[in-house]
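Letters A, B, C and D name the chains as they come in the text, with residue numbers starting at 1 for each one.
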């Protein structure tokens, strides 16, 4: 079984980059015990033999380990990134050459992703991972697309659904007046497809067994589609696995939030007043990390339950307006919009740090800041900008208001991603091998698999699990081997 | 509206005790802002006017504040304890005399509970709170029982269901051969009832609108009954409200576990090796408290997800057998059975402390310990016993293996109970005023009420809640006033 | 060698009390590994054989273990308490009967201390432990007093110095006009002595090899005397041993401060705003404990270095006036006076808790509070009083403003006291066996002994110490066996 | 008063670098409030007018702020780095051009330092900062050297002392057989000086008022010289100011240790087993930071007092050998040698991280590792090397065993250095303006200045200091304005 990598853009096929990337993969594999355990467990049975996976997820070193795990389980894979900036080029290159490190290693995977794509390039790449005609040709097969999507944010899924819809309508609509550049690029991609084929996406949709989705945003889109009855194939919501949401959000942010602050500013966190907007899992992780570095943390919340948790955890809970003049470090952790407005920024201390580790880019009103009369922007270094305000003070904005743990540091560490990605692999196996269990709709993984993901990560941490006796299992009414909790259990 | 307190046993009608109790109630009210806020909010509308509530829940000072809140909202109430040892006599007496402190205050409530009941007395008390004939007589009414039960552990609910069942069968069955003393006492109570009336419990069951249940155990019993189709009336599961389970279990135990250790032993916790069996909410609270006192905490878990959480929180996760010889303080937090067996106790250090804050009494194999040949039991002080083992070492057992945060300290503090009990009052109001919304089955409170409970406790802690703008609420698709989260959100 | 216990007041010679006390001693011995290790180490050599120790230190269970350690090392001992309230009667009784538990066990020790002494009784007791005539008679010796004092606060030392001074002057002075009742009682005691003998204290002073002093206050008095040149014999300052001051103050308070709060009030500490006045070792311990229970802690400081430490440890540092209206729990940890004045108390929240774990009783202006017009004092329970203020609010005062970790809980745990008392024993041995090394003046223990105290407490905690290689010791210029640090090292 | 910068090597006079450096200085100034406060306080009085300061201290951005503070107080300054790798070139360049940023700003300072000096260049630079002949010429003065040294590690002081000694002997000795390359370079520099002048260092020594020394090593050397009676001028030990040692070591490491780990490896710290060798201030900071990130921390200690502190702080204390196979992250914090030997490295887990934040480079036996037969070294990235061991496992060594918080991150943050450097400036002022108070010997700063350093850093953190009342100051016997503690106080 050979992946067709010859169509991969030349910039991704750089052997020097690839060599550097292979080094990093080897270290990352050590920190991704869940994926490596799956490789060992399924080496013989090859549960993904026959699977054709189109991936759309940040093309990082960790994702490279995910991709090679899918391949190790028998799958054919094509990959794009789900963000124009997030590709680590050496990781992309390493995956293309495959473990053997030769240009056309049969285990090399076609990757369509590089750091700094244009929007047109982005959608071209997304389209490429859905085009399996070359593979079909090589295999003498009659399919044209993937049978599985592994998605992050839902762009690949969107492309299939819109393509299917427009093919049904016979035309791609005009971009509306205020359409974003991104939306125009998407429509242009679909127009090109429709020009070339009147039923390409219709056939792709029909060939798809389903999609596994990584994030809140993508799951939200899937639920909307399911609620409207327009979802074309089953979806597994990986995002809400406990070992994804509670680990990625809390422990990942605990690590990467202070890493971003440190790399961006080198400012001592100890003794500073840090304001954490939002006390969900992300805010909990950020607050714990900042306290662990000796900051005084003030939290804001809209949800009274989370607010009460913050108070019980010993944090001052205040509205931003009340304490705006005390803040040294602001971190947005809400998933909401305009949490820090221009009016707030004008109230901050001189050189207060403004940053975001929430889900979206509009938590900080960067547009408003840019538009403020009299404001001056000075680049301190890439991803660190001083905005000199008309009031004579400055604020220090990290990653232009986008996720600073990604922009100023390297995002979640491998071990955290290993949890998320082990869920992804198990979800792909579920769809591929037990399709009957997943009718069209949005599903979560069975708890026993969530527990399995955790289980695979314990030995690396030296954790010794206790085993229930038969008597004990009977006493609480669970199987000895799990699952151990009801679905409503909150951990 | 006058409660009938004349039938209350003389020991509960002690004016000296009552005066001491009223003092404590006043202080407890200050720490129970949720209940006091409900009194203020509903003073005018009296939503429980007409409600006849039979309560079966530990008759403590906090429960006294709950009872008087129910009365302040218009309810008539009769009360028993759900444990033979847990009554605080001064609280019982205070409730009987009512806020005015006079023997027959019309706001006095009939209470059938005292510290140290026999099992026969216990079930007699439970039966008394279901007998509203005196009230009916005073009111010239034709009902004979309560229309609502407020239960903790499900004994009052059990009594009604068994009474109903045996009346249907026409006889109370013989106690089986190995029946416990408690079960025999229960059957005797039902026999007496059946002798006096062939349909008393049948009528009581018919009059009942529903029950609100406080604990895991009680909810478990309700689910079993609902699954078998034998549940006679609707039930609201208060236990699984976030503001109950996550607060009571975690923050309550964080407080009371070390309080119990300290009062029992006066042993310095700092520097000691503490073993926490189970890392659910109870274990999380215990582990945090012990670490906060400088102990080195080792955790055991059977559930790999919870185990991974413990590791991520920085705790060593080991099996009990691996580290048995290092442990100074053992705390069981599992809800399971024989977590600490005799074979473990024989491996502990000399004078290691053995204690339990889990849900049940059999987490520590006390029966096995008592039966061990050569063991000697020495009372150090009430609820603290040294067991001299045949191996020459001793263990120090708190509260004879029962919940030491109750037995050696005073259980959860008022503020924690205020959260639980505010849920109870809201659940009672729901059943009484919106019965149509709750068909026979086991329900949880709507999330908006859970959030309300939290909201009512924030001002006392100086928490200032942030309010969503209309734009922000629309952005995340929730009402400005909540609820803010999906039901699956884990907090 | 027999102690003369027949002169001990009858109330201390209560066999029932003694039996209860022996139980507690046995448990305390387990938590005092330093003292038990000294007993083992010196069992054969009996370094205190010939020592006659007059002790004046709180007559608690822990002190009982200290006393019996001194006896086990060969000393004769007589004991009084250094506080009229601090005696645990069962501990006193247990020491009198000695390990064998018989009324005239030769190892029994004469104790002159009971809970609730009058001031006259207090000074009578202090005088008794300096009167060794009965022992001398039994031994046919020509001395009349002790050759060592073990002091806490310096009262025994004061008695000898004043007695010596007044004998020199030939008269005890009249009490000045505003003299306290305590001072009058002291003068009366000295008058009685002078009536009986013109040179008794002069002889006692001459017989004394020296004193070892436990506390800050006592050390302060010794330094004053040494500075004025009136110190009569050498003194070892035990208080400033690292294993005393840094452990007793920080880790002892970390334990006992929240223990006192809990036993006094049962109020949930989590989520509350706690104000810690002073961030010395005591304040550090209190702040850590409160944070460990989930309180939000605000600290006040006068010393900018300590203030900076508090900020670096993540605490808000504010003046009391700034935040007075937010405080739920006030704990004074300063060693200063009128830290919480009446004007502050009038600004506190309703039912705020007011307490003191500092060194002295006047941190909280209780006199001012008592004198405030319109104030009412209500006893909630012993050592817990509600003061209803004229502004309609109340404050809850613990232990009437005195040390609440002693008054509402049981003070420092045995393990902490074992550190302090092991220093005491080593100091007594130093004075007795190496008197030449300690000329008149105030000395601290050699660092090697401080390290030894720590060393003796490690095995009980499972600590495995690393040993320097010869190469490493040479590299940093210290002996392999210590001492390892310069005297100025701050730990 | 003009500094003579024309002799500065061309590479330090790079205007592009300088512009980048000025940016960073401006941000650093915001984080160095102590230095900026001194500039404001002493702007008018110019206490260092007439001072000629030769500095030898890492030429970083923070040091640049220090240098410009000295200049702002009136001093002339010449500067070298005290480490061949530690210079930040843009900081050096920025200092040369001075605040105005022009090539020959009169406030520009001659700097002789660049990243990656050879050993010969290093000693040449050190010699240059002691050569003030150009300045003397410009000023028409008859001195030839500095009158103050600001030293870090003592190399400038060593150069003067050896120069003086060899001039006295008339010759520079031959390098002994096994002399290090560094020692040979030093001797060569001195030979060149002696060839040029027979009494240059003798005159320089005579002109020197004294030296202020930054580090443990340098202070150690000064004490040795003072003990042998060969110290030529007074020295102030800045290292042991509380606001230096307790802040730099503990809070600086708390920040930079995890920063170094993160930048080097991106490995998730949470859940890992971290081994901290040494629990002095450095180890305390590292352990706190690691725990704050969710690691399980095991500590080793040789000093029983520090070991007991670690246990009381809740850490497992073990010997390295006991737990070698459990360790994921090793951090040496001892100041000792061969703490991690090759035999240990062979026992570590695969890909365990090996790092050092102690005082010296030989804590990890890198020489032994390099010499191990069969070992292979692979560079992962600069300062991160994988050593493949003959046992098939690898270790990941940071910064080749040198201080990884410097090599892999950016060392202590500005705020921490502001504390240290404010001490330095005050020490320089002390020596220059109150030379009589400091005879030849090694002195520490008066406590009131230590407190002043802290005081100057409080406003930036929002700390509000409490002021003693006159009554309170009298009560504890200190002046209202400080100093507040005895010299032996340990903080």
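Here is the rule we go by: contacts are C-beta pairs under 8 Å (C-beta built on N, C-alpha and C of every residue); 3 or more make two chains touch, one makes a residue touch a chain.
In UniProt terms, the chains line up like this: A, B, C, D = Adenosylhomocysteinase.
Being a predicted model, the structure only gives us computed values, none of them experimental.
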Checklist line | Shared interface partners, meaning chains that touch subunit C and subunit D | finding: A, B
Notebook entry, point to check: Which chain's C-alpha centroid is most distant from that of subunit B?
Noted result: D
Check: Centre to centre, by mean C-alpha position, how many angstrom separate subunit B and subunit C?
Finding: 42
Check: CA centre of subunit B versus CA centre of subunit D: separation in Å?
Finding: 60
Note to self: By the touch rule stated above, which residues of subunit B touch at least two different other chains?
What the structure shows: 251, 270-271, 291, 294, 308, 311-312, 316, 461-462
Notebook entry, point to check: What does subunit D use to touch subunit B in their complex?
Noted result: 270-271, 291, 294-297, 308, 311-316
Checklist line | subunit A - residues contacting subunit D, complex | finding: 23-24, 27, 30-31, 251, 254-255, 258-259, 262-263, 265-273, 288-289, 291-294, 326, 350-351, 378, 380, 386, 396, 409-410, 413-416, 461-462
Note to self: For the complex, give me every residue of subunit D touching subunit C.
What the structure shows: 240, 242-243, 245-247, 251, 300-312, 316-320, 322, 335-339, 450-452, 454-455, 457-458, 461-469, 471-472, 475-476, 482, 484-485, 487-488, 490-491
